[in-house]
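For reference, the structure discussed in these notes is given below.
Labels run A, B, C, D, E and F following the written order; every chain starts at residue 1.
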Amino acid sequence: MYYYKEELINQIVPDQPDPAAAKVLQEILGGHFGEMRTMMQYFFQSSNFRGKETQFRDLLRGVFLEEIAHVELVQNTINQLLNGSGESSAPGNAGVDGAPLNDAIKHANPHHFIIGAQASLPVDAAGNPWNGSWVYSHGNLIGDLLDNLVLESTGVLQKTRIYEMSSNKTFRETLAFLIVRDNSHQNAFAKALETLGVQWGKLFPVPNYDINKYPECKKYIDMGYHNSTFNFRLDPTRIAEIINGTSPSRNGGTMTVTDPPAGFPVPLMPEMPNEHSPGLSDMQS
Amino acid sequence: MYYYKEELINQIVPDQPDPAAAKVLQEILGGHFGEMRTMMQYFFQSSNFRGKETQFRDLLRGVFLEEIAHVELVQNTINQLLNGSGESSAPGNAGVDGAPLNDAIKHANPHHFIIGAQASLPVDAAGNPWNGSWVYSHGNLIGDLLDNLVLESTGVLQKTRIYEMSSNKTFRETLAFLIVRDNSHQNAFAKALETLGVQWGKLFPVPNYDINKYPECKKYIDMGYHNSTFNFRLDPTRIAEIINGTSPSRNGGTMTVTDPPAGFPVPLMPEMPNEHSPGLSDMQS
Amino acid sequence: MYYYKEELINQIVPDQPDPAAAKVLQEILGGHFGEMRTMMQYFFQSSNFRGKETQFRDLLRGVFLEEIAHVELVQNTINQLLNGSGESSAPGNAGVDGAPLNDAIKHANPHHFIIGAQASLPVDAAGNPWNGSWVYSHGNLIGDLLDNLVLESTGVLQKTRIYEMSSNKTFRETLAFLIVRDNSHQNAFAKALETLGVQWGKLFPVPNYDINKYPECKKYIDMGYHNSTFNFRLDPTRIAEIINGTSPSRNGGTMTVTDPPAGFPVPLMPEMPNEHSPGLSDMQS
Amino acid sequence: MYYYKEELINQIVPDQPDPAAAKVLQEILGGHFGEMRTMMQYFFQSSNFRGKETQFRDLLRGVFLEEIAHVELVQNTINQLLNGSGESSAPGNAGVDGAPLNDAIKHANPHHFIIGAQASLPVDAAGNPWNGSWVYSHGNLIGDLLDNLVLESTGVLQKTRIYEMSSNKTFRETLAFLIVRDNSHQNAFAKALETLGVQWGKLFPVPNYDINKYPECKKYIDMGYHNSTFNFRLDPTRIAEIINGTSPSRNGGTMTVTDPPAGFPVPLMPEMPNEHSPGLSDMQS
Amino acid sequence: MYYYKEELINQIVPDQPDPAAAKVLQEILGGHFGEMRTMMQYFFQSSNFRGKETQFRDLLRGVFLEEIAHVELVQNTINQLLNGSGESSAPGNAGVDGAPLNDAIKHANPHHFIIGAQASLPVDAAGNPWNGSWVYSHGNLIGDLLDNLVLESTGVLQKTRIYEMSSNKTFRETLAFLIVRDNSHQNAFAKALETLGVQWGKLFPVPNYDINKYPECKKYIDMGYHNSTFNFRLDPTRIAEIINGTSPSRNGGTMTVTDPPAGFPVPLMPEMPNEHSPGLSDMQS
Amino acid sequence: MYYYKEELINQIVPDQPDPAAAKVLQEILGGHFGEMRTMMQYFFQSSNFRGKETQFRDLLRGVFLEEIAHVELVQNTINQLLNGSGESSAPGNAGVDGAPLNDAIKHANPHHFIIGAQASLPVDAAGNPWNGSWVYSHGNLIGDLLDNLVLESTGVLQKTRIYEMSSNKTFRETLAFLIVRDNSHQNAFAKALETLGVQWGKLFPVPNYDINKYPECKKYIDMGYHNSTFNFRLDPTRIAEIINGTSPSRNGGTMTVTDPPAGFPVPLMPEMPNEHSPGLSDMQS
């Protein structure tokens, strides 16, 4: 069973609204290689696990637990980027009267302004809904681990590409944190294959990014987040049988199992009367 | 953030393998009104919540937390129904040689035997993958609560229909537990609308089922599971501001916030060398 | 605007329940070349029509109007095939207790017994939901007419193939009626292209079926249904500018615009308390 | 069977072309909660109805009939917004030569200019095709009515959000008419549940919008369109057994069954030789 | 079996990057009537062919072979339009710092910049993935040929519409070549139906475009590409039994089977270190 | 450009019709990890390749070329399994009259008997259409190679599972050939990563199957097909820069570039007049 403390796994850094950035960030939430996929893929792989080598099941489930918190972090980041973006006082929106269509909305996913009240959705950057056929639980452990390596490597790759699309601080901080954590999960799955005899040479990290290009990443590297596996279990776990010793990354370092971050406040979002959200004002009078 | 204790929210009652039952049970996992939908819908609704009336956000998030455990319960139930079903020693499978196709597989979802090693999938009873367009987070709280009422009512409705399809005990026990819990969530969302002024009369439960038709349900009713809301929070919650007093159901009773069930062991599934699962034997020699 | 008289366009011939036949008949309702597609395709083509040659718009809209009645006919036929099929007293269902899964359901679309109360669905014979990307309104009239010819030809082709799958009378009567009407629409669109200069030779009907193989068709041919276009307009229409003279079919005959059939009663379906349908019994006490 | 008179249910108010507005208006046509969904959902619910309380079937079918006319109205509104928008003489299109891409098309759904000749499509505002899995016919009448309430409430909610996106008069007039009619259908389904014992208090309308924000709505309210149910039947209907007495809305008023509006001309759209639509010029010479 | 010579079937004319043009050109690659559909449709039709009239199978397979080269041509054209488009030195991109989102990306398919390194995708102009349900292999030869005629006619129709969207030379040259080749395939399938007795009159080409509007087409017409069928077989083919004599087009001319074009170099695309493509630099040190 | 010689890459071994086997074999054609996916994935990866290390592009394109022949082989195998299966004289089909539904069809994909004339389809074993979102071309070469390793490993894994489902010789021979070729491609991509520094230890083959369980595989192993890369190029290729030396598999051996197999006849399928295929009989009289 799953227990919750109302804390985000990372901070939401304030900045201006940016609905075009919110649109592309949806890839990280509901895309083929986004956090919903990683969350559901590891959930199915851990529930469907066979055999007694449960240190692997503990690893799969451990990463699954963190991915739920990642989904929540990206939902909150998208919401922060959308908050206030549709108001006529927002930058670039010189009033809708007479204009063909609100400028903010023109470059946004229109569903952000139609389906919810300027809020996150289970879709990708092109507006396609998340699809269960993307989740793979092969049954064969090596197949599962290789697939997860592809998933985490693509996670870093796409996040570094998306990072370049906006200099918005809310946007970049979340991406930077997730780049480092994907890196950590890449190391974890690579290490699991190392215990089965693979020697990776200089292959990882994939992609082989220059940390200086993503300055927000540095503090997380300094905290060792690229080599630590957070432990969200309230009972014992065998995860340290895999996560220990030297990292399989060319960047080296020692792999450790640690407590999760201290936790950051979950934002309380303002009402949007114009969007009828939450729309209770007259109900309770 | 999300914490985990390796315990199922209900028991897995042992019985014979039954892949045809596993196929229809997929509706409860990955169908339009299944547990993956309820889990993701309440996740988005709670993360996207606006305004200060956070007792509603706590309610949405609280039910979300239980739904993660429901997904895990249904995954494990499907796995139990599939375990051993493809073996030539399984009932009705008199060896595959010379036969057109293994009989067990003929009435199964073939993906249960191809994609994973006889294991659960994110698809519905007709084999369609789970789709993100089913999740709705309207932004307007009344819209969200009414949609959730439809979701929980349909949950009970479909589970009572599926219950009739097999007398397998593994199958029926999980359905019975979930029928009662959907009933509890129906009561919770109906109660939330009652705080906004609605009087439901005799409308609930929907459907108005006869408890005697589903005998496995009775023990859960006797434990009060139809009126209790389980609390999975490790920090304070305002949920009791809504969940209290008389149930909106015609069956009456008092609504309470309680601890979750004591927890049941997560099954350790046998290896399936024939399916190459987990396929480690020679790796580690 | 659209007006309605509660009458089916053809009779529902009674026979035994046959859920496996209901499953394949879904192709005719919700398949790529089924009645929902024809209905929506002609609806979009007529609303999107450009230019003054409105005799073509009247033709497109006229066939659209009949297709709504076809959708209703197939929904009712599927319902008739499902009525009573899940009951333990139905043929071949020797009680579900102890059996792995109700035999009727094994060869059915399980959604017929889960989503509705043994009722029609907007899906195809393989259980895939109807998809808007199948509808085509090209804007170019010749493109639209050629596409419609493919649609009607495939309609006949698939119906003759499905006809062979069961000798159930409910099933075959509806198929036979629709084969003849698709033939009529094929003739209508072929004739429209004839007015633009094409000479079809012996090409039509496609496929070139032997009427004796589908005996239920004969009475409709005798009534001239293969060459008549039903007129559902309450105001004038230019449709007779196209529909007149010799049929483009090798079977010959004269094309005419006629009144629709006299109409047949819409069945009143029995309650299914076991399926909680309609589930009102205690509500109104 | 279905009969037709070539009249729109509401007027198309002329204004400038606005392809960006046409793109978002597609949500109302082909979106998850759009008019195609309502049309098909009530069609399946009425054809699949069980039992003798046919006043409910008459209600479901009655609203279905109006929804066909709504689909036609939105198709025509989108077409009006697109007409002329791609021409080099359209506002903001200073000739395509040398420019990267026609500006009108940049903020449009490109399919409006590729698939048809600047015409409506069965897709939503994000370009996803309409999907049959959205239609729900639960079999249980209370489930159906609650689902329909969510559908109509979301209809109003989304239309009020889309209304703010453009001040184009063609766009706003159609939205205003449909907001009031969705409100009427919300009242109708709420009333049907009232006959089963529910007291709604101040819950409706959902969302609780301020009529002054949508001035085009006022004339329709003055005509009582929010409380009237249009009757499109050519034979008797039991609909007045439900639709009578006080409205369940906090805005009060008396519910009545009335004749449909007088009817407005269906536009005759100009040819677009550049788009090869209809493309007949040389055929007939 | 399939053999390859590294040559494109037509030239890639250099011009400026234009990601908005790349987005709409995706329709020609991965759309409902795009080159992936034609390629796969003729592949299935030729493999599924029945009977001894193998001149038709040879025709279907022959066009299939050319369509593989068309897919490759469009992939390379899209890549050329994307190359360098995301760089801060690209036209209109005044550096991303401080700006909400890179302008190039705003009007692009964001997946072009996220999923690959500015490269082609199997999706349409609205970002929907290619779907296997679009492919049709009816089994009935006349049905197949009519469907293919619709496919090729719509191919020309959509390409002439897309042609108007940008004056980019890379974009227009590929469209012009494909317009003429679709025309040739339209003639080929029309001719095949002519051998079965149809007289087309003045119906073709569909649409009846004015060659002067698409000046890049002229040289291909002058080379007779609209009436020639390229032969990619390394063994004998019966295709000339169909492809001979007068073209069924109103434009006349003689149909011939010829060698394919001489071939053009496949571009070697530059590395994109910023996109981690190919990302090998440090691997090999 | 692509050239063709009408030869299959492997033999079609004759055996009884088996439509249930044809249904599951669709996974290998149109499934998430089937031959259509591998074909299109390597096509996009090779066309989108960046940089001068074109030995990798030659490898990707080389495997793509073989995959086209694999698609053709599986299409022909499915057709062979379906040929004659729907006839009343087929095993187990004692005439359809009076029976609810033809028994062969009950356990088949009904689309095999409706859409085509008993012929292959672009769908998976559960009837879901092939989807473009499954294809991945990451741009980053290591990402692409790892993804391809997962693809080929899953290919072997699923084929060994499907192999167990029927002892039909047509079915097993094609699976056995493809298992060995997937193994060869797994070795090729693993070798490519070896050139970048990875040491695989005993990891491959994945899964680690016992060759004696799949006796049809042995002859292909004896011919060295597990370590050879077939060369379909008519011009030079750099593929041997990667494919040489010791195999990365624990089974050892030397990797070589060889000519393709000698080629086997493409079957000429019988007419099916009952299915109107090809339906030409009266056309040409």
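FYI, contacts are C-beta pairs under 8 Å (C-beta built on N, C-alpha and C of every residue); 3 or more make two chains touch, one makes a residue touch a chain.
Just so we're clear, the structure is a prediction, and the values are computed from it rather than from any experiment.
Counting C-beta pairs in contact across C-E and across E-F shows that the higher total falls to E-F. Annotation, subunit B versus subunit C: rotation angle of 120 degrees from the Cα superposition, expressed as a multiple of 5.
In whole angstrom, the spacing between the mean C-alpha positions of subunit B and subunit E is 47. Computed centre separation for the pair subunit C/subunit D is 26 angstrom, with centres defined by C-alpha atoms. Averaged C-alpha coordinates give centres for subunit D and subunit E that are 37 Å from one another.
Each of the following residues of subunit B touches two or more other chains: 32, 115, 123, 127-129, 131, 133, 136, 138-140, 142-143, 157, 196-197, 202-203, 206-207, 275-276, 279, 283. Taken chain by chain, the contacts fit none of the simple shapes, being neither an open path, a ring, a star, nor a full set of pairwise contacts.
Residues 1-9, 30, 36, 40, 43-44, 47-54, 56, 61, 65, 68-69, 71-72, 75-76, 79, 115-123, 129-133, 135-143, 196-197, 232-235, 260, 263, 268-272, 275-280, 283-284 of subunit F touch subunit E in their complex.
Listed in rising order, the residues of subunit F touching subunit B in the complex are 16, 18, 20-21, 23-24, 27, 31-32, 107, 124-128, 157-158, 160-162, 164-168, 202-203, 206-209, 250.
Within the complex formed with subunit F, the residues of subunit A that make contact are 32, 128, 131, 133-134, 136, 138-140, 142-143, 146-147, 149-150, 153-154, 157, 193, 196-203, 206-207. Subunit D contributes residues 86, 96-102, 105-106, 109-111, 113-115, 123, 127-129, 274-276, 279, 281-283 to its touches with subunit E in the complex.
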